[in-house]
Amino acid sequence: MKQRALKPEEAAELIPEGAVLLIGGFMGVGSPHRLIDAIAARGVGGLTVVANDTCRPGQGIGKLVDAGLVAKAIVSHIGLNPEAQRRMIAGEMEIELVPQGTLVERIRAGGVGLGGVLTHTGVGTLVAEGKQIIEIDGRKYLLEKPIRGDFALIDARQADYVGNLEYTLTAHNFNPIMALAADTVIAEPHHIMPVGVISPDAVKTPGVLVDYLLERAQ
Amino acid sequence: MKQRALKPEEAAELIPEGAVLLIGGFMGVGSPHRLIDAIAARGVGGLTVVANDTCRPGQGIGKLVDAGLVAKAIVSHIGLNPEAQRRMIAGEMEIELVPQGTLVERIRAGGVGLGGVLTHTGVGTLVAEGKQIIEIDGRKYLLEKPIRGDFALIDARQADYVGNLEYTLTAHNFNPIMALAADTVIAEPHHIMPVGVISPDAVKTPGVLVDYLLERAQ
Amino acid sequence: MDVKEIIARRVAQEVREGMLVNLGIGLPSMVASFVPDDMHVFFQAENGVIGLGSRPPEGMEDRDLTDAGGGFVTAVPGAASIDSAMSFGLIRGGHLDMTVLGGLQVDEKGYLANWMVPGKMVPGMGGAMDLVTGAKRVIVAMVHTQKGKSKIVPECTLPLTADRRVSLIVTEMAVIEPTDDGLVLRERGPGVSVEDVQGATEAALVVHGEVPEMALG
Amino acid sequence: MDVKEIIARRVAQEVREGMLVNLGIGLPSMVASFVPDDMHVFFQAENGVIGLGSRPPEGMEDRDLTDAGGGFVTAVPGAASIDSAMSFGLIRGGHLDMTVLGGLQVDEKGYLANWMVPGKMVPGMGGAMDLVTGAKRVIVAMVHTQKGKSKIVPECTLPLTADRRVSLIVTEMAVIEPTDDGLVLRERGPGVSVEDVQGATEAALVVHGEVPEMALG
């Protein structure tokens, strides 16, 4: 933790044109919505967004797509966002589709210092095109490259002021993994507790990984 | 979960001569001690033990070494167990030394269906001998193979009767990862709670991974 | 009986005591309602919960507890929250006993295509490639024909989802098992003859003796 | 001042506000006592806790809270429990700001050997290889000579711990920084001359102008 909790607009100010953003969430569940709103309001463009999906138009990550701020999305799914499909087909937005399990492991590899991911998922499909195949003990694996972000923008149920994070139910999804894999991690907790009252065993992301917290909603 | 909780001696009966055992713990902290005692008492030999260390003589995994039941140990450290060192030098026990971070990732890879681990740890050292080196974006990585066990023997703070597990403090160590990587997982919880009273968010190993629980100590 | 209900009821019969099961969105998600509670099955949603329960009563929805389709769900007693790395670790690592997915095409090798139609629909593969690669049993639940055209074909013309043979195909007309010898017709749909199935199927079917009708109870 | 205390006090000066620091067992673990509380440093023990505190009062030890050497410790407010995958994920992933380890040899390239003596002591590398590979700063804290022999040598004769140049060597006689130009002598130990250091060091040392004495406060 670098300083006091930030207002959403202060956090959005940290993000430059063309940044690579890892954004938590699964169809908007567990996405940092106030942070996304502030980035959309500020209107900084040319972003690369790495996320599970592009959500829906007018919701979550879909707002960044609607506003034309996303130059490239690395995601597993855009099926529920016709605006993302339209922009892809029109050549206004580049889309890299990655199998969901491969996507989360590529981010983890980027976060924990591994050189890549060896997965059978995608072998014999379009996903394998242009990728190195490594045979290990008679089975083929794709060598998938690590992913890191300039920023990770994550949602959390609860934090303390050293940045320790807890998550809840299906709002975990990509958040704990993304917290490992960016130069700057900004977390949007629903609650912030005093230091020392969260049990060490309840912490899923240690505060040493988190650079900034967003203020609680007023 | 396959059935009711077992007595330690019932659990030990499940383990055949020559089995590969993943055993949780770090110098005995977070090891399944009652299960280890029952295996040592039963005296089934020719075991391969995968663990962080061989603990000390007369303690934890050290008891299996003392009893001459361990044919091979795949560990990161034997420095505090002179008996293990003696047996290694005398050729009575094979020791494969693996860097600790590589060891845990190899077990994870075995558990989550990855073909191997690509780590820079060990490059330029004796650990690299005989291993494939893969260069990715200009940096060298060792290809380290996945590890799986016939059994994972793990310690947990608390379980429920579907096998969900919680861990505490430095007794986590290898336990949650080993729970992913064996054909049969036997957990030794300090407490067992009724189903439905552990918060889903507190569960670190989902019960679907756990085959048997040990009865609580009387 | 509705076509989808026939399929969902028949797929439910594949579920065994104590299994961990992933149901895809749409038709596959209907299967849950036909699995008896006393089978102690855990349903996984790949977005992060093991022990998915039915839709909550109105007013008791929680925005942080949804299935992979974004619908509100509940958690059964003994449920566990998992992150995406654990979720797909379970899937790819062979811990998932069964997955039920929709299909666009299945071919005589048992290969499935279910994630894109080139030049048309490119929603993304989501978790489908990992599910088909890693689950112990892969069940394709789909209607037999699409606009009169067979979805069971000699060779998939659409991009494959994985290089793995699926375990079973369940449609309203047939239960078909891909094997080394080809697509074996195991059961006929209600009131459907073997000839009806063959007539509606572009792929070659292997028929061994008498083919029973689905017993839907 | 005791030799070990000199080393520990000097290493402590390398610690900066808010760092995540891993201290090896033995001498390196002494460093913690010389780091002021108000620097908000978190100490990591690789066996699974971030926010390691000092030894608990007698009778308040917990068998599930130890450091990597197996000694009882406490957890500071804001501590977090982590498993071994997360612990080494942090280490290998570059999230650890500093590690302090003991050494058997360091050579002119700045390479460290600290895990085995062939034919003699083979304790295993434990976490050392990951720590030296992954930490942002690697500080070797060791006595300058072993039985009269220099531990800072032209080229390591013992097996290396990693192919990475360490950041700093701190002994009771010297602070030495491995650089592209070789081992630069940055500071002298208390009451020790540059000639003393060179005389006790088998490796070539680079000396730029005046070399200050350690300021141990």
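Residue numbering begins at 1 within each chain, and the chains themselves are lettered A, B, C and D in the order written.
Here, contacts are C-beta pairs under 8 Å (C-beta built on N, C-alpha and C of every residue); 3 or more make two chains touch, one makes a residue touch a chain.
Treat the numbers as computed from the prediction; the structure is a model and nothing was measured.
Chemist: According to the touch definition, list the chains common to the neighbour sets of subunit B and subunit D.
Modeler: Both-contact set = A.
Chemist: Between chain pairs A-C and B-C, which one is joined by a greater number of C-beta pairs in contact?
Modeler: If we tally the C-beta pairs in contact for A-C and B-C, the bigger total goes to A-C.
Chemist: Centre to centre, by mean C-alpha position, how many angstrom separate subunit C and subunit D?
Modeler: Using C-alpha averages as centres, the distance is 55 Å.
Chemist: Centroid of subunit A to centroid of subunit C, CA atoms only: how many Å?
Modeler: 29
Chemist: Can you give the whole-Å distance between the Cα centres of subunit A and subunit B?
Modeler: For subunit A versus subunit B, the centre distance works out to 32 Å.
Chemist: For subunit B and subunit C, what's the span in angstrom between their mean Cα positions?
Modeler: 35
Chemist: Among all residues of subunit B, which ones touch two or more of the remaining chains?
Modeler: Where subunit B meets two or more other chains at a single residue, that happens at 105, 108, 113-114, 119-120, 157, 167-169, 200-201.
Chemist: Which parts of subunit C, given as residue numbers and ranges, touch two or more other chains?
Modeler: Expected reply: 49, 75, 81-82, 85, 88-89, 92, 134.
Chemist: Identify every two-chain combination in which the chains touch.
Modeler: Per the contact definition above, the touching pairs are A-B, A-C, A-D, B-C, B-D.
Chemist: Quick check: in the complex, which residue numbers of subunit C touch subunit A?
Modeler: 45-49, 62-66, 68, 70, 75, 81-85, 87-89, 91-92, 116, 121-130, 133-134, 159-163
Chemist: Hey, which residues of subunit D end up touching subunit A in the complex?
Modeler: Touch residues, subunit D against subunit A: 18, 20, 42, 49-51, 75, 77-82, 85-86, 88-90, 92-95, 134.
Chemist: Which positions of subunit B touch subunit D when the two form their complex?
Modeler: My answer: residues 26-30, 52-53, 75-80, 85, 88, 97, 99-102, 104-105, 108, 119-127, 157, 167-177, 204.
Chemist: Give every residue of subunit B touching subunit C within the complex, in rising order.
Modeler: 1-2, 108, 111-114, 160-162, 164, 180, 195-196, 200-201, 203, 206-209
Chemist: Could you list, by residue number, the parts of subunit B that touch subunit A in their complex?
Modeler: Residues of subunit B touching subunit A: 105, 109, 113-120, 134, 136-137, 139, 141, 143, 145, 157, 166-169, 200-202.
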